[in-house]
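Below you'll find the structures, each written out as structure tokens.
The same subunit A turns up in both complexes below, where it pairs with subunit B and then with subunit C.
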Partner chain A sequence: MRHAGFTWHDGALLAQGLGVSLGLFAGTFLIGLVLGSAAAVLRHFRVPTLGTLLHTGLELLRNSPVLVQLFLVFFGVPALLHQPLTPVFAAGLTLSANTAAFVYFIAVAGLDAVGRDQVEAARAFGLSRVQLVRHILGPQALAFAVAPLVGLAVNQLQVTSLVSVIGVVDLTKAGDILNLRTLRPFAVWTLVGVLYFAAAKTLTLLGNRWERRLRAHAAPLGL
Partner chain B sequence: MPFDPTVLTSHLDTLLAGAWLTAEVCALGIAAAFSLAAALGVLAVGRGWAGRLARLYVDVFRNVPFVVQVFFLFYGLPEVGVYIDAFWTGVLALGLVGGAYGSDVVRSGILAIEPGVVEAAKVGGLSRLAIIRRIVLPIALRTAIRPLGSVFVNLVLSSSILSMITLDEVTGTARGVASETYRPFEVYAFLLAAYAGLTYAVSLGIDALHRRLNRHMADNGAAPGVIHGAAPGVAHGAMGGTA
Partner chain C sequence: MIAVEGVVKRFGAHTVLDGVSLTVAPGEVVTILGSSGSGKSTLIRCINGLETLDGGRITVDGLDVADPRQLAQARRLSATVFQLFNLYPHMTVLRNITLAPELVLKRPKAEVDGQARALLASVGLAGKADSYPGQLSGGQRQRVGICRALAMNPRYLLLDEVTSALDPEMTAEVLAILGKLATRQPGGAGTAMLFVTHEVEFARRISTRIVFLDQGRLIVDLPTDQFFAADGGLAHPRIRQFLSKMAPAAPLAEIPA
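So, the complex of A and B:
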């Protein structure tokens, strides 16, 4: 006999999938944030060769589909290096690098938005480069970059839905499994969509609150 | 095994056929997205129920992953008796999501128009439709075309996801070639570069369009970084796995 109806266990499956999606998102976004900002700082100080190399590589990552990047890492790298990768590792690697590429371009714009005169003033006071980034460039660039970063976070949360293709059991894969058993795709994909929507909305709300706090000291625009 | 791109030469015609299908579905999807973006952008400025509905639409399509939308259209709709084949599902999905992202750009472009211009048109006795068609949209598109371009670039990247609903566009054919040649790295590395080239071509086209739309302006559109009117999160949108 076939058990085609929805059961309580399906709720657990979806919740587990949502947990995997959120965990993967949080981990890769943090790594991407660190790597992307580091690359932007390297570029800001005009590090020769390495800066250009990073710029080209990240530009390529930004301008190619995540799906193809996932295939390249999960199927391509093991074939080339004879080193099998687990789906979660391949997904984590790809999404971190992809996030880093987008963070890099946001961070570069943020760093460029800080006035040149401030950097010169800091140099005149004898601040080291680390101090300059930590006390002068970093905070101001962050205030400038926070809105695009929140938008990026919402997008990257949705990008995690692609890792189901290489076998990570995230929310989309959970929906796929559920769909195969119940054969009710209309209901299943609506439910999965609602869950993603709720997660993305929560993230936007948190981001907006954080943005207000970061900009609290700035004068209102008086529009 | 060393990196050897020459294995691809015997499969080049298959890949090119896939690339052609990608170009077709993207061109139709971008056209649909552009029309929908303009219509929704105009509606979303309004205060009434139409404006609220348009903003709700944008909210839903921006916050649900593209894969889920595609699966809903391709696998979910037949359950309620609506059958659309893979190609047109792809065009529809790209149009729906591109329209949502694009309408935000168009909306901020419209909000940036000086009110006096629209008032002058009203005083001049132009009808509502004429004002939108002749005054509001042409001016809004001048600032909106660059961010719209990033939305379209993202659509091209998103189209790779259509390989998951049996559409044999370039990613789908590449998967076939990869499993036939056992050289996935070469195939996908080539594909990565091909998409980068394709999106570069789209952005070049957008640049030309931007210059043409701004040809009457003093700076001739040559001023770099016209980010005026770009909603946060649009210029770099990944669109649920689009990037």
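So, the complex of A and C:
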């Protein structure tokens, strides 16, 4: 068996894989953040049917493995609709919805943590619901939620590695290709691992900085 | 005018307000007395729309608070000072005061800022504009709460036991400010006040009228001097009993006439 050496091309492949992983993560996390928070606000204001429906759906998503969801979307949905999905589309859809589910539960807890008394004050002073969310609930819920959100982000970044199994050429898939060509699994997977670690660590550091800024004047609980 | 007409409020099977009627005309200072659990806070919360009514009607200058659109209008006419201050902890003192005037009354920022700073100065908190509520004492927080309400230029000020979370010294501090505010009313056109308080002596000094709530019913509504007259309010056994149980008046700071 011939051991092929590493080439410049391999570096390009890994860089491209890393780009796909990061892009997929950033895009789906952002979409999940928006959808999950919106659902949490609907629930907070007890919007009748829609709120319950969303709650049930997101509960299902949170309590099943991402890999199963991914297979369901990539293999199951096309079989049902007779319409093939591209791997990237299926991956984006699954990860966005999955992230939304986790964001939803974090956001609900954050909104519930904001003191009722100040919310009543804001209502008595005539703030509309939109103004209430924007100026009172939102900023404080975010201060409560930022730590779990940073944790979630780090986790979701790693979860993107699952999309390699449906053929998306992300960092893991790039490692796989490289491994098959060079037959140096230890070197390849160490390198891939370090790249994931570097990305996750950067995310944590950025998140912590953001958290410190947000919490500078966050409610001492129970004020 | 705030007009409360036959208001009924229930929590489950418990009828907390049982046909309460009351008016507060511009310029009046009306105090609600009553023992704990008699429904005083609930009545205030019905007027500012934090509770829905189970019967009767409340209007503020003709605006029916049961109707969401009219409630939004009514809330621009009155402002509430809360027992536990209810400040926004993530905002500076200045922002706490300017938020609603800017967002709800749509007044220009510069003008509202100026008024807020003047109000803060008038209650001795000129240096605290950029502090956060968590950095203030209870008495200071309540003074901010009062400034926040006054910045709405309200026709009606609703105050629910605004000193009961404060120690005697801070109570005196806040009562002195409210006393000034009440005596400044040029009978007829100024900010009307609806007070809930346990400070009977204070109520006696500043109120034009006193009403007494007993188990959800308003049993007496009299001008202040008649309320304390032997053949007026004191003729009611419930009121005599209530007044005799009140602690001696807290030390009051000088209230300028």
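Keep in mind that, in the parts below, the second predicted complex is superposed on the first by the 214 of 223 C-alpha atoms of A that agree within 3 Å, B and C clash if a C-alpha of one lies under 4 Å from a C-alpha of the other, contacts with A are read in each partner's own complex, and residues count from 1 in each chain.
Here is the rule we use: a contact is a pair of C-beta atoms (placed from the backbone, for glycine too) under 8 Å apart; a residue touches a chain by one contact, two chains touch by 3 or more.
These numbers come from a predicted model, not from an experiment.
When both complexes are overlaid on chain A, the residue A:26 reaches neither subunit B nor subunit C. Using the contact criterion defined above for the overlaid structures, shared-chain residue A:180 touches neither subunit B nor subunit C, since it reaches no partner. When the shared chain is aligned, no partner comes close enough to touch A:113: not subunit B, not subunit C.
With both structures placed on the common chain, the touch criterion links A:53 to neither subunit B nor subunit C. With both structures placed on the common chain, the touch criterion links A:64 to subunit B but leaves subunit C unconnected.
Contacts of A:205 after superposition: neither subunit B nor subunit C is touched.
Of the two partners subunit B and subunit C, it is B that touches the larger number of subunit A residues. Per the touch definition, subunit B reaches subunit A in the complex via residues 1, 3, 60, 62-69, 71-72, 75-80, 153, 157-161, 163-164, 171, 174-175, 178, 182-189, 191-193, 195-196, 199-200, 232-243.
Considering their complex, residues 59-60, 62-69, 71-72, 75-77, 79-80, 98, 102, 105-106, 147-148, 150-152, 154-156, 158-159, 161-162, 164-165, 172, 175, 179, 184-186, 188-190, 192-193, 196-197, 200-201, 204 of subunit A touch subunit B. Against subunit C, in their complex, subunit A makes its touches with residues 115, 117-118, 120-128, 131, 135-136, 139-140, 143, 217-220, 223. Taken together, the subunit C residues at the contact with subunit A in this complex read 48-50, 72, 75-76, 79-80, 82, 84, 86-90, 99-100, 103-104, 132-134, 148, 152.
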